[in-house]
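Quick one: structure below, then a few questions.
The first chain written gets the first letter, and so on, giving A, B, C and D; residue counts start at 1 in each chain.
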Amino acid sequence: MTLSVALVGSTGYTGLEVARLLSNHPSARLQIATARSDAGKHITEVHPSLTGRVDLTLKEFDANEIAQSCDVAMCCLPHGASAETVKELIEAGVRVIDFSADFRLSSVEVYESWYKVKHPWPQRVGDTVYGMPEFFADAISGADVVANPGCYPTSAIMPLAPLIRERLIDPHDIIVDSKSGVSGAGRSAKVATLYCETNESIAAYAVGSHRHQPEIEDLVGRITSQPIQVVFTPHLTPMSRGILSTIYARPAEHGSTDRVEQIMQCWRDTFADSHFVNPVEHLPATGHVAGTNYVQMAARGSGDRLVLLCAIDNLAKGASGAAIQNMNVMFGIDPTTGLR
Amino acid sequence: MTLSVALVGSTGYTGLEVARLLSNHPSARLQIATARSDAGKHITEVHPSLTGRVDLTLKEFDANEIAQSCDVAMCCLPHGASAETVKELIEAGVRVIDFSADFRLSSVEVYESWYKVKHPWPQRVGDTVYGMPEFFADAISGADVVANPGCYPTSAIMPLAPLIRERLIDPHDIIVDSKSGVSGAGRSAKVATLYCETNESIAAYAVGSHRHQPEIEDLVGRITSQPIQVVFTPHLTPMSRGILSTIYARPAEHGSTDRVEQIMQCWRDTFADSHFVNPVEHLPATGHVAGTNYVQMAARGSGDRLVLLCAIDNLAKGASGAAIQNMNVMFGIDPTTGLR
Amino acid sequence: MTLSVALVGSTGYTGLEVARLLSNHPSARLQIATARSDAGKHITEVHPSLTGRVDLTLKEFDANEIAQSCDVAMCCLPHGASAETVKELIEAGVRVIDFSADFRLSSVEVYESWYKVKHPWPQRVGDTVYGMPEFFADAISGADVVANPGCYPTSAIMPLAPLIRERLIDPHDIIVDSKSGVSGAGRSAKVATLYCETNESIAAYAVGSHRHQPEIEDLVGRITSQPIQVVFTPHLTPMSRGILSTIYARPAEHGSTDRVEQIMQCWRDTFADSHFVNPVEHLPATGHVAGTNYVQMAARGSGDRLVLLCAIDNLAKGASGAAIQNMNVMFGIDPTTGLR
Amino acid sequence: MTLSVALVGSTGYTGLEVARLLSNHPSARLQIATARSDAGKHITEVHPSLTGRVDLTLKEFDANEIAQSCDVAMCCLPHGASAETVKELIEAGVRVIDFSADFRLSSVEVYESWYKVKHPWPQRVGDTVYGMPEFFADAISGADVVANPGCYPTSAIMPLAPLIRERLIDPHDIIVDSKSGVSGAGRSAKVATLYCETNESIAAYAVGSHRHQPEIEDLVGRITSQPIQVVFTPHLTPMSRGILSTIYARPAEHGSTDRVEQIMQCWRDTFADSHFVNPVEHLPATGHVAGTNYVQMAARGSGDRLVLLCAIDNLAKGASGAAIQNMNVMFGIDPTTGLR
């Protein structure tokens, strides 16, 4: 069996990464790639790195055409716009992996207050599956639409959820200090992400107001059935890819003196069957996982705090790699196919 | 008057930065530059960027020769080795600015337990002046030896000390998450700081064990007369220069709802006469202060925390720029001379 | 005496560099800074790195206001638009240093065929002084308008002109392979110069069609009274600043076997009185001259060719540093003032 | 069938890339990985990025052990040392792909004069197959030892050889100006390749004296049966991976006015059956081929010259990717296996 995949919204970095990963996937192929203003161009005009690897002309979006020839659509559209497209695709009978935040949160109210838009399809909010197979594999396998996780949330939920579920850390005193490569800011022309603006410079942004904060809180809450609060600070880092989250937590009261080893053991147990998530003894660097779907996590003690470190590639495990992994799970393929 | 300066230990990045800054200083000139294995070479063989700017041959260290021709020595040597050289210079009658950590801490015991060496001149530990003119200008002006501050401590003490002195934040719940450029790791040949190891990758290091943690605690304690504890995590960031410290603090009990404005006002009051320290409304980036002696600081609220951000250039205000500023203060010159 | 300077077009990288250099210039100060869409903003809102260094609000352009309060205007505007503004300023009685290409070439026809615009003030084309004090200092000192050189041409004319004038190389077989940092592409929002597009990637652009080719040929011709042809290929290099030109030339027939030494001697003779131009024995790197007005040049033999290497900072000696140097010469100040 | 592979010399960047590529190869697996000083360590201690992907402990080299369990050995050792090891392996009955230069050249004399060592196995020099399947596939398929091409030569031979064979360009007037990422300099601890030395700086090195010059001349000569001379200048570029070669050639006398189209057609014909080599209309960037085995080539006219541009990844098609491709050819597997 070879899956036929539609890529809706092909011109950004996540679209490029989907196309790249599919070109190397033994049981899936990119069948249709859509774009708005670039429709009619060959995909290699927009992404020269696909030369020799993908031979497609970009098309206008047409849900029925996709329904006729594709098993699944990957939607790489901005929030708001995405939900409308997802609705069309679902109604046309296509299963969807949605890269936007439109179906990630449990609550329409929380969504609308953080994203400042009216949700176009509020009926589906809350009952959509969050595309993190490490925690929701069963639901993903049967889902019609999967909300692909945000990049920062991936790097925070993975290490935090198991520890809160096992009551190893205090759910009310958590600081997530994240460092992201510039591709996280997207591929639209903005002065702020010009080479000379971000090169040789690191800065925080959206302090106390980044939309991934409620996503972290919501999902850890769903996984652990415990409400949590996080202080979240993202930083723009002079590199193309990668996220490192440095997480400060207090041990829960019953934490023993072997807290770091307890944490590592909890992670090893949680992720025993997950090929991609690796608790490691060394301190993870984003360079260790660049271009891959792997996750590296480590723990250290520092004063009265536990310091948890989690490195991912923001475009792979933080976006397009996770989407491929979700697709594999949705269609009963080995989750690691095309991602090793 | 033109000051004659000796640079002891010329081959590293701080030595280069001293030579560069002095080449542009209207009232000081580099008279002697020493090096061990490179003695005999022209300084531009070691630092080609000084071509046309500095015309000196590197010499072996000789305290008496320095005493005869120089007003002040800048010591850029490793800890332990530095204290011995400083002692020789002081005894020969030369005033010294010491870049090492040997005279920064108040306690010989703390020094020896963190630095794992026997201190060669313990008598002077604790009564040496810390070279941060924003807090210790009077003492610096009369000092025979000034302990030039560490780079990370500069980025933490500057924002923290005023707020703790004014009891605006809790001194017992402080997290300092710092991101440094690679020049902070020095210029010796190590695999870990090769281009391909650090490029496109960010990682924490020395979590819970970095020697700048006791320096931050000691100095904030000295300035504020309050004991503090910090959790400190340094990160190696893919850029040559700069430090951004993201500091998480809890407001002290009497903190009003205008906490961020209170903090800004406290900083503005503290640094009103300091040309280099600028509280700013925007979020500081290391690129904003690269290559300069300036400090940018900002504050934001995030959940139940205050987030303080401080950007410096690790080689300038974090090392050689501070040393020039200290020299200016020691010799009664306008502190900004040669540093604007 | 303190010169009053107007900066016309303040929001780009060359404008920022002018403001930065003037903030450190002992005999000049930035009096007026203009911008179109950003008029009314404080200059530090557009350039946060000027915080604490420049305190000015950006204004609309007004030639008469500039004439009343300024000795000289630095025009950092796009070609075409620049010539009109220069005309207004000259007619209002202000001396001008023009960063555009509008007055660099000798011929209106060549200008119009390469720049695809009608020249707004063709009368002044050809009799305007080219702002390279190493060759035109006398003319610059008396000029009302100085055409500030292009960045690539600076890196090619400096090494080539002396050798062609002395007939050491063949003027008809010259290849200039140049590598520039991304700041050369300006500060406007374009996908092509986003961080992730240019980081970790080098590429040629405008092969055989870059507008700096006729500028190199025109100026070397003017300096040497010999027509020359160059093949010129610029490359976008993953760094913010700097140009390295690698130039391939054939020795002229009378070239002796000591050609490399002859070349070095020719350069040393030509630039004996120039503080900034340094023939060097080592192979120049752009990092050696980053952020400075210095030029490093070297020569090597390779097969039947001479390889000439020239490194400059594209924003300093290639633009704003050269402009400050020109200003110094125009007003009888030591050329190195504010640039060491 | 699954091939068993030995990696001899595992600690450098080419060794890492071999291990990475094999971890994703469907018909080969890494069986033995050797190292000298790191023998006994797990491979992920030396290369943390292999965590979860390769589970091997590094061993001392033992030719007989390799012969017993492996079908092929990849030798990533320095020149000189490599030839001795290759000899041992061949004599033990293992087929070898040698990454060093020891068997690339036709002449022992040329080798010894450029590499300044006595060749340890001169008998095999000259009759060894050069591992570029685009030109030598038949010989590779039967070879016991394949000399894996140098990185720069790959980027020069690919575009040049077809054009010289078809007499489209003059073989005696060729300039190759190459720009390489820093990984080309290897992973040993040297000041010259520290992050802060190479970041934000480009420079030429080994002008007129780089050992890849005779390799280019020798191989183009072998492929085309015409002697050629090249002027070759390598540059160290601030990026981890990638080579761009900008090649200046004169059209041969019979060159028509459609020279650029003729060149493109010649390349299309030559590489019609090669999956990896792509003549492209756009100007190739190293970022387009980073991390892949692809080659992009383009041509332009500029004055009296043709400018040929060729981009590869120095560690993939320039080293380890080519080795995997050679292995596939040696064992009758589809050449693109594990490399798409």
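By our rule, contacts are C-beta pairs under 8 Å (C-beta built on N, C-alpha and C of every residue); 3 or more make two chains touch, one makes a residue touch a chain.
It should be emphasised that the depicted structure is a prediction, and the values quoted were computed from it without experimental measurement.
> Going by the stated contact rule, which chains contact chain B and chain C alike?
The shared contacts of chain B and chain C, listed by label, come to A, D.
> So which chain is the furthest away from chain C, centre to centre on CA atoms?
A
> Could you tell me the distance, in whole angstrom, between the mean C-alpha positions of chain A and chain D?
About 36 Å separates the centre of chain A from that of chain D.
> Cα centroid separation between chain A and chain C, in whole Å?
For chain A versus chain C, the centre distance works out to 46 Å.
> How many angstrom lie between the centres of chain A and chain B, each centre taken as the mean Cα position?
Those two chain centres are 39 Å apart.
> Specify, in ascending order, the residues of chain D that touch 2 or more different other chains.
Residues 181, 197-200, 238-240, 284-285, 287-288, 290 of chain D each touch two or more of the other chains.
> Where on chain A does chain C make contact in their complex?
It comes out as residues 13, 181-183, 187-191, 193-200, 238-240.
> Which residues of chain A touch chain B in their complex?
Touch list, chain A to chain B: 175, 177, 179, 181, 197-205, 207-208, 229-233, 235, 237-242, 244, 246, 248, 283-288, 290, 300-305, 307, 309, 311.
> Give the list of chain A residues in touch with chain D in this complex.
23-24, 26, 45, 48-49, 51-53, 200, 275-276, 278, 280, 282, 284-285, 287-292, 294, 296, 340
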